[in-house]
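Each in C-alpha cells, the structures are laid out below.
Shared between the two complexes below is chain A, which has chain B as its partner in the first and chain C in the second.
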Partner chain A sequence: MKGRFLSLLLPPTAWLVVFLVLPTAVLAVSAFSVEGLKALAHAGTWLLFWRSFWIAVVSTAVCLAVSYPVAYFIAGCTPRWRNLLLFLVVLPFWTNLLVRTYALKFCLDPIGWTDTGAVIFAIVQNFLPFMILPLYSSIEKLPARLLEASQDLGASPARTFWKVTVPLTMPGIAAGCILVFIPVLGVFALPEFINERTVLIGSQINLYYGQGNVGAGSALTLVLMVFTVVLTWLYARLRKSEGLV
Partner chain B sequence: MDEHDVTLRGVTKTFGGRRAVDDVTLAIRRGEFFSLLGPSGCGKTTLMRMIAGFESHDSGAITLGGADMAGVPPHRRDVNMVFQSYALFPHLSVAENVAFGLRMAKADDVDGRVGRALAKVNLAGYEKRSPTTLSGGEQQRVALARAIVTGPRVLLLDEPLSALDLKLRKGLQAELRRLQRELAMTFVFVTHDQEEALAMSDRIAVMNRGRVEQVGTPEEIYERPSTRFTAEFVGSGNFFEGTGDGRTVRTKDGLTIEAAASGDVTLLVRPEKMRLNGGSGFPARVEEVLYQGASMSIILKAGERRLLVEDANDGALARVRVGETTTVSWRPEDVLVLPR
Partner chain C sequence: MRKLLGGFTGLVLVALYAPIVVMILFSFNESKYSVKWTGFTLDWYRQLAGNEKIHKDLLNTLKISGASTVLATLLGTMAAMAGRSAFRGKRLYTTLVALPVMVPDIVLGMAMYSLFHFIDVHVVRLPLSLGTAVVAHTTFNLAYVAVVVSARLQGLDRSIELAAQDLGATPLRAFWKVTLPAILPGVVSGAVLAFTLSFDDFVITYFTTGPGNGTLPMRIYSLVRFAVTPEINAISTVILAASLVLIAGALRFSRVPVAGGGR
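Let's look at the complex of A and B:
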C-alpha cells in the first residue's frame, strides 16, 4: 500500500524537481556571482524595482476599480447575457499580445499619449480579464438574501456595498489583485512598446540575459521571485487571521 | 383599540402576466401575531416582501404605522425580517450580526443591547462565535435577535421554522409566541403549515392564488371556514355536495343529512366530530385503521364514498377491525355549510 502511494507521488515530485527546484538552484548559483552582486549594488537597479512596484500597484488598483462594476454588472445579468459578456471579456486572449499592443500603440501614438499614464493604461487594458473573472465568480456566489438582510436592517445600498458586498467578495478581490499584480511586476516588452524610455525590471532582466550577462539577470530575477513569494505569504497570513480561508 | 400597524388596500402585484398578489386588503393590528397561511405560490411571501419593500406593488396602497410606503426603500421602513434561510452575515461574529442594525442606526449602548437581545433568545455567551459554526436552530435564534434588537414596528417572519426538524420546531413555536408577547411587537408570520398557524396566531389570513380567502382567529378559521379551500387547507374534512331544502340536504349518492341549508351547498364534517357505532347513522365498512400514537385515523367506505374519522386514542376505537361493518354518525350542530 505504502509503496503504491509513494509511486503515485513520484511523477509530480519529479516534475517539480526538474522544472522548479533545479532551475531555481541554477538561478541562485548564478545570481551569487560577481556580475550578479554588482548589479544588485547598483542604485539604478533599485530605482527600477521601485518604479516597477508602484506601476504594478497603480495598475492593479485601476484594474480593480474598473473591473468591480463590470463584474458586478455581469453577475446581475440573466445566464444567457452572462455567458455572452464573459465570452467578450476573454475574447482579447484570442489575439496575440503583440498584435494587441501594436493596435493600442497605433491608437495612442496619433493622439500623442505616450507617458507613464499611457503605459499604465496599456497594462490595465491587457490584464483586465485576470481581474474581472475572479471578481465575477465571487460576486456571483454572493447570496442575494444577505444584501436584502442588510437593507432590511437599515443599511442604504451604498453602506450595504461596503459592509456586506466588499467583505464577502474579498477572496475574489484578493485573487484578482494577485493575478494582476505579480505578472505586472515582471512585465516587459509592453511598456517599451508604448514608451521606449519606460524601462521596468522585467525589461532590464531581458536586457541582461540578451547581453549574455547571466549573473546580473539571475540576481534581479531572484530578488523579484523572493519579493513575490513574501507578498503571497503575507496575503495568505492576512486571510488566515481574518478567518476567511 | 383600533390601531393598525400594517394596512393593505387593494394591493396587486403581477409577475409576467400572472397575478401573484391579487387585490389584497388586510389590516394588521398593533401587537398582534398575524399569520399569512397558504400553499406555495399563493402569494404570501410576495405579500410579505412588499411590506418589507423588496417588491413594489403595481396598484393599491400599503401603510406602516399610518404612513404610506409607496416608493419608500427597505432601509427606510421600520420593519425587520427573519429570512427563511436566516441570511446571517458569515463574515461577522454573532454579536456583530446582531449589532448590524444598531450600527446602521448609530444607536447608543450597542454592546448592552446586543447582550440583552441574545439573552432573550437564550444565546447568552455566543457573542464571539461565528454563525457558520452554529446549528440551524441556533442560527434561527441569532436571526431573531438581530431582527428584534432595533425594536422595529413590525417583525416579518418568512417560514422561519420550516428548515428545522419537528421537535425543534415545536420548541421554537412556543418560544416565538412567548417572545412576541414579551415584546408586544406586531409579528407577521408566513407559513404553509396550517398546524403552526393555528397554534401560534392571534389571527390568520388564508391565501389562495394571490387572494385572501378568509381572515379570522384560528378557531374561526377551523370551526367556521367560509370557503371550501379554507376548509380543505386547514385541517382535513369530509365533504358532501348536495342540494338543501332548508332542513335537510340530499347528496347525489342518496344520503340525507340534517342541515339548515337551501340551494346547492357543500357540507363539511370534521373527522374528529364523527362517531362510530353510535347505533343510528350511516352504515359503512372499515377500510383502513391508521394508528398515530395519540390519535387514530379510520378510513371508512360508505357506498362509493370515503370518510375519514379521527379520534383520541382512548381505547374506544381499539376494537375497530379492518373489514368490519359499522355505523358512522355526528351531531347536527357539527355540520358546517359552505357555499358552492
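Let's look at the complex of A and C:
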C-alpha cells in the first residue's frame, strides 16, 4: 500500500519540483543580478507597477459592478434558463483570449476607441466570466427566508440589498475579485492589441525578454509573483477567519 | 426590476458575442482593407489552406498540445490519486499542485524561460524548442487535470476498491478494473481541458518555444502587430471553430469542467 502510494506521489511531485519550484528558484537568482537590481532601482519600473495595479483595481471594480446584476438575474431564472445563460457566459472563455481580443480590436479600431479606457473595457469583457461564476454560486445559495424576513421587518429593497444580500454574498465577491485581479495584474498581449501606449508590467517584461535582458525580466516577474502569492495568501486567511467559503 | 436586470444581462451578452460575430462575418468579406462589407468570398480561407507557414504553425500547435496532454493526463491523474491519502506535508503538496492555476501566465512563462536559459548558459546547450514548450505546457496542464480528476475521485466510494483487493485483486488490477473505469470520465474531460488550454495558449508558448517553432496563436500575435487583415479573421475563425469542437467533446464526456479553464 505504501509502495503504491509513493509510486503515485513521486512522479508528479518530482515533475513539479524540477519544472515549477526550480524555475522559480532560478528566476529569483537571476532577479538578484546586476541587471535585475538596476531594473528594480529604476523609478519607472515602480510607476509601471503602480499603473498596472490601478488598471487592475479599476477593471476589477467595473467587472464587479457589471457582473453582480447579471449573476443576480441568472440566479433568479428557472433552471432551464439558468443553465443556458451560464453556458453562454462561460462559453467565450473556453476560446482563445488572443482571438477574442483581436475580435474586439477589429470592432474598436474603426470607431477610433483605442485609449486606456478601451483597454479597461477589453479587460472587463475578457474576464467577466471569472467574476460572474463565483458571484452566481453565492447568490444562488442565498436563503430566500432571510430576504423575506428583512422585508417583513420593514426594510426597503435597497436596504435589504445592502444589509442582507451583499454581506451574505461576500464570499462570492471576494473570490470573483481575486480571480479577476491576479491575472489582470500580469495581463500581456491584450493591452498591446488595443492600445500600444498603455504599457503595463507584462509588456515591460516582454520588452526585456525581447532584448535578452533576462535579469531585468526576471526581477519584474519575481515582484509580480510575490504580489500574487501575498494576495492569494491574504485571501486564504480571510476565508478562514471570516468563515468565507 | 427583473425586466431591467434581464435587459442588462442581454446587453452584457451582446457585448460578449457581438465582436466575435462581426469578426467571423468579416472573414468572408471581399475587400482587403475596407471595414465596409463589399461582398462574400472564401478567398481568405483558400489562402490559409495553401499557406505552408500556417500548416507548420498548426502542426506545431498540435504537437505541443498533444504531447503535453498525454504527459499531463498521466501525471495529473497520479497527483490526484496520491492526494486522496493523508500524509505529512499534504497542504504543501496541494498548494504546489494548484500553484500553476493561480499565478499569472506571464510569471509561469518567464520562470520556465529563466530555467531553460540558465541550463543553456551554465549546464548544457539547450536552445528553446518544441520540447521546452511541451515541458512548460505539461506543468500548467498537470494542475488542471489534477483538479478535474480530484473532483471525480471525491465522489468515488473507496470501499469498492478495497473490496476488489479483499477479493484477491492486486492493487494494479483493482486500479484497472475498478478505479479507472469509475474515474474515466474525469480523466477524459481533464485531458480535453488540457488539450484545449494548450491549443489556445499564447503567453507561455511565447516564452518557451524556439524560433521557427511558432504556434497559431503566436502567428496571430505577430500578424496583428503589423496590420488588421481579413486573413487574421480567417485564422481566428478557424481557431475558434477548433475550440468549439473541443468544448463539445468535453461536454459529451462530463458536465464537470464547464466552470474550469480560462487561458
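Points to keep in mind about this one:
The rule we apply is simple: the second predicted complex is superposed on the first by the 215 of 245 C-alpha atoms of A that agree within 3 Å, B and C clash if a C-alpha of one lies under 4 Å from a C-alpha of the other, contacts with A are read in each partner's own complex, and residues count from 1 in each chain.
In this section, a contact is a pair of C-beta atoms (placed from the backbone, for glycine too) under 8 Å apart; a residue touches a chain by one contact, two chains touch by 3 or more.
Every value quoted in this text rests on a predicted model; they were computed, and no experiment measured them.
Once the two complexes are laid over each other on the shared chain, residue contacts for A:Trp113 go to neither chain B nor chain C. When the two structures are aligned on the shared chain, A:Pro143 is found in touch with chain B, with no touch to chain C.
By the touch criterion stated above, A:Leu168 is placed in contact with chain B alone, chain C being left untouched. Looking at the shared chain after the overlay, A:Leu153 reaches chain B, while chain C stays out of its contact range. Of the two partners chain B and chain C, more chain A residues are in touch with C. In the superposition on chain A, A:Ile74 makes contact with chain C only, not with chain B. When the two structures are aligned on the shared chain, A:Phe53 is found in touch with neither chain B nor chain C.
When both complexes are overlaid on chain A, the residue A:Val66 reaches chain C alone and has no touch with chain B. Once both structures are placed on chain A, chain A residues 157 are touched by chain B and, in the other complex, by chain C.
Those residues of chain C that touch chain A in the shared complex are 1-2, 5-6, 8-9, 12-13, 15-20, 22-23, 26, 35, 74-76, 78-79, 81-82, 85, 87, 93, 96-97, 99-100, 102-107, 110-115, 117-118, 135-136, 138-139, 142, 146, 171, 196, 200, 202-203, 207, 217, 220-221, 224-225, 228, 232-233, 236, 239-240, 243-244, 247, 258-259, 261-263.
Interface residues of chain A, counted against chain B in their complex, comprise 143, 145-146, 148-157, 159-160, 163-164, 167-168, 170, 243-244. Residues 52-54, 73-75, 79-81, 83, 85, 87-91, 100-101, 104-105, 130, 146-147, 150 of chain B are the ones touching chain A in the complex. Touching chain C in their complex are the following residues of chain A: 1, 4-5, 8-9, 11-13, 15-16, 19-24, 26-27, 29-30, 66, 69-70, 72-74, 76, 85-100, 102-107, 109-110, 125, 128-130, 133, 157, 182-183, 185-189, 192-193, 202, 205-206, 209, 214, 217-218, 221, 224-225, 228-229, 232.
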